[in-house]
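Letters A, B, C and D mark the chains in the order given here, with residues in each chain numbered from 1 onward.
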Amino acid sequence: MSGTMHIAKLLAAAAALIAAGATAAGAEEATAFEPDRARTAVLITDPQNDFMSEQGAAWGLVKDNVLRLNTRENIAALIKTAKAEQMPVFVSPHYYYEPDADWRARGPIQKTLHDIGMFKVDGATSFKGFAGSGADFYAPLKKSILDGATVVTSPHKIYGPESNDLALQLRKRGIDTVILGGFAANLCTDSHMRELMEQGFNVIVVKDAVGAPGEAAYDAAMLNYSMIANDVWSTTQAVDFIR
Amino acid sequence: MSGTMHIAKLLAAAAALIAAGATAAGAEEATAFEPDRARTAVLITDPQNDFMSEQGAAWGLVKDNVLRLNTRENIAALIKTAKAEQMPVFVSPHYYYEPDADWRARGPIQKTLHDIGMFKVDGATSFKGFAGSGADFYAPLKKSILDGATVVTSPHKIYGPESNDLALQLRKRGIDTVILGGFAANLCTDSHMRELMEQGFNVIVVKDAVGAPGEAAYDAAMLNYSMIANDVWSTTQAVDFIR
Amino acid sequence: MSGTMHIAKLLAAAAALIAAGATAAGAEEATAFEPDRARTAVLITDPQNDFMSEQGAAWGLVKDNVLRLNTRENIAALIKTAKAEQMPVFVSPHYYYEPDADWRARGPIQKTLHDIGMFKVDGATSFKGFAGSGADFYAPLKKSILDGATVVTSPHKIYGPESNDLALQLRKRGIDTVILGGFAANLCTDSHMRELMEQGFNVIVVKDAVGAPGEAAYDAAMLNYSMIANDVWSTTQAVDFIR
Amino acid sequence: MSGTMHIAKLLAAAAALIAAGATAAGAEEATAFEPDRARTAVLITDPQNDFMSEQGAAWGLVKDNVLRLNTRENIAALIKTAKAEQMPVFVSPHYYYEPDADWRARGPIQKTLHDIGMFKVDGATSFKGFAGSGADFYAPLKKSILDGATVVTSPHKIYGPESNDLALQLRKRGIDTVILGGFAANLCTDSHMRELMEQGFNVIVVKDAVGAPGEAAYDAAMLNYSMIANDVWSTTQAVDFIR
């Protein structure tokens, strides 16, 4: 059993971490994680109209946080810099197909997504009506995402990548570290961070390249990122690293 | 693309959910999830001395939250009631063995756990010195946990059950819903909730049978539970359901 | 340590099992697994032109086995009977998209699939040219597979369903047992059987509703099914059960 | 749709592969997979008395194959060489604890394992009576396995590593390729190969460092290894590579 010194040490570490979570700043100094650039990729969750377009079904929900952080510009900067430097870019989208309407026992946000028809795609082998829909990629990013080099994974279906091919696609290219941004900060982005850590990847979350449904959700995400991820960076830090 | 009515509906739902997260109360009314009692089990993450004993390495970190919520008494009540009613009980513990010292690139909390020797067990096939150690089960729960009926899974190694046999053990007994409590609220408990949802389980989190490293971490956990889990109950509600 | 009696018992059991593998018959009597019909679904792996159509890229490889077993008619019978009885039908297809050309270190059959352009689909969000291609569903099955009720999962990418949403889709409909057929018997079908068993599902493989690349591969599959699956049935047995 | 030339090419490739499976020889020439030595480890499944000791519960089942191949000496050579060269060694054992007796709907071999008490360990946190039992490591290997450097993972529970921490432990040490041997060739060894491939690892199976329950099971394993694994080596080839 650890003694008083250990408790003191832990408390100090935890206090720093919680402070980091609250301010979304301290975590940068607390660690010295150095990714191997040749094994690093950019990963964006849900860069789709329903979150990013002003006509998107969930825009109203995330817009205050997105406009405050400049999330859309920051995600665009991450992708643009990665493309310029030949760093691989991965996108993990969120779709629901017609038969998904049969699911039992959805959780509350899953129920909301279903009720408002968010991320709806015609069928697993038919993307009829996809162009410009809420499920389509945000227009300013679309050309980069569909350039034939970006890996667009199969859809995640709840919040994490457990049911898609993200981990495999990263591994088949020798990637062990992701620079992560996207939507929603405390839901799909957090779940991607957690699952990738469980699979032995390193994860750096970009704190101003995410979007949350409200500031309380953003704070919750920041607190969890600061405790779990290998590091939490700003877009500026990430762009500097990628270059 | 969804119209204004959809946005309004989503915003209202989200507002309710976020409020629920803040107050840890509203979520009870928002949903009507009815578990099938015959397919439900109690699951406790990390009911170990390092979190629950006053000599535990992380007691100082969680004690304020634990004492405010009566977490220890509430976890004991969940297990005791389940045992009395022959509802299966599962425990997902957290251990580190000697070779785990070689891990690369730990995240911040993983690093802290390593630095202070938390959850340390002699070896994968040797529990020498386990009795009474920080990794051992909290004494008041130990007899129930080691009664030969409780399923003690293999250890989880990061925060979630991805690397242990929890999902399989639940399935091999026909369980599809868990009533979840334990430590730490926003780390292992949240990660267990998320992974079990990804595997198609239903999850009810017991809001006063968890323990968090500080109230900000507790609030983050409550917000995420309220958005993701099928429901959030009090211990009183859970005990009433189990009986 | 177990004694001589145990060895004798095991040897007898193993001998029966191996015989079952060789004859693909004995396994039916050896077990008494009784699926719960309300929790059972039909699952077909890779019912796509590249395996099933006489113009398919791999038809030459599987045709002798397929014609001997009447695999195509048997798969059609399983789907037709399930549809008539409202038993859910799941299809786990195999696709490769353009960026998959970048994969490192493929195994031998993966390399062959890549070299001959098998299962090629334009892009993850574009099924341009899909109709009638080698990746498309075998024409006589296509209407049933695309009826809006059949669950067409995301593609598997190696051989098993680890990287797609099959397990989740089954669970979200309360399915715990699958009646399994498809292609290729010892590769994707075997890997689906193994992964579903690891996830706590029950699996019944239909021995004449699979297709193998040669009789040696078929025998290997039968031997492994007989040892691992909950049971091995004929199409006649499966149809009788579904009805 | 691929034309006649493609079919011919595929058939030739498949014929070579199937021949390789039958002879367990050709696969060595068919591929040119070159592992990165610094990212390679040795992995042994189930090196336990119940398979390897002449008093083991399943010795009678595998002994003919094991004695023909010199499996025990070959596994010992792999481990010894790896230790001498500081290449990491991983062991994935198979245990059943008391509560596992409650499992529903076992497959045939799982039922046999249960009936004869194979791989039985007192409890998840109690290895009382482990020393010398059928679940313990084979005596000539035991010192190396318990040297504090070998990673002994949590037990696998069906056949594959889906329910243990093998993938995570490999990743946390930067390993992307395993040199694989162990028991039983077509069951746990094959399932480990398949799951690791799905997780993006490279796998080389050592054809004379495995043990099968009969020659038909061995042939089935060889056929599947030759089609799925990155390569199939002899112990001599593996030892030369490790050195």
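The criterion applied here is as follows: contacts are C-beta pairs under 8 Å (C-beta built on N, C-alpha and C of every residue); 3 or more make two chains touch, one makes a residue touch a chain.
Every value quoted in this text rests on a predicted model; they were computed, and no experiment measured them.
In this structure subunit B contacts its sequence twin subunit C using mostly the same residue numbers, the overlap exceeding half. Taking CA atoms, the transformation carrying subunit A onto subunit D includes a rotation by 180°, reported to the nearest 5. Separating the CA-averaged centres of subunit B and subunit C is a span of 36 Å. Annotation: 34 Å between the Cα-based centres of subunit A and subunit C. Rounded to a whole number, the gap between the C-alpha centres of subunit A and subunit B is 24 angstrom.
Residue positions of subunit C touching 2 or more other chains, listed in rising order: 105, 158, 162-163, 167-168, 172, 174, 198-199. A complete topology is adopted by the chain contact network, contact being made between every pair of chains.
Within the complex, the subunit C residues that touch subunit D are 1-2, 6-11, 13-14, 17-18, 21-22, 27, 30-31, 33, 49-50, 53, 55-61, 105-109, 111-112, 115-118, 132-134, 158-160, 162-163, 186-187, 190-191, 194-195, 197-199, 202-203, 213-214, 216-217, 219-221, 223-224, 226-230.
Taken in their complex, subunit D has these residues touching subunit A: 167-168, 170-172, 174, 176, 198-201. Considering their complex, residues 93, 97-100, 102-105, 123-127, 130, 136, 146, 148-155, 157-158, 162-165, 167-169, 172-174 of subunit D touch subunit B.
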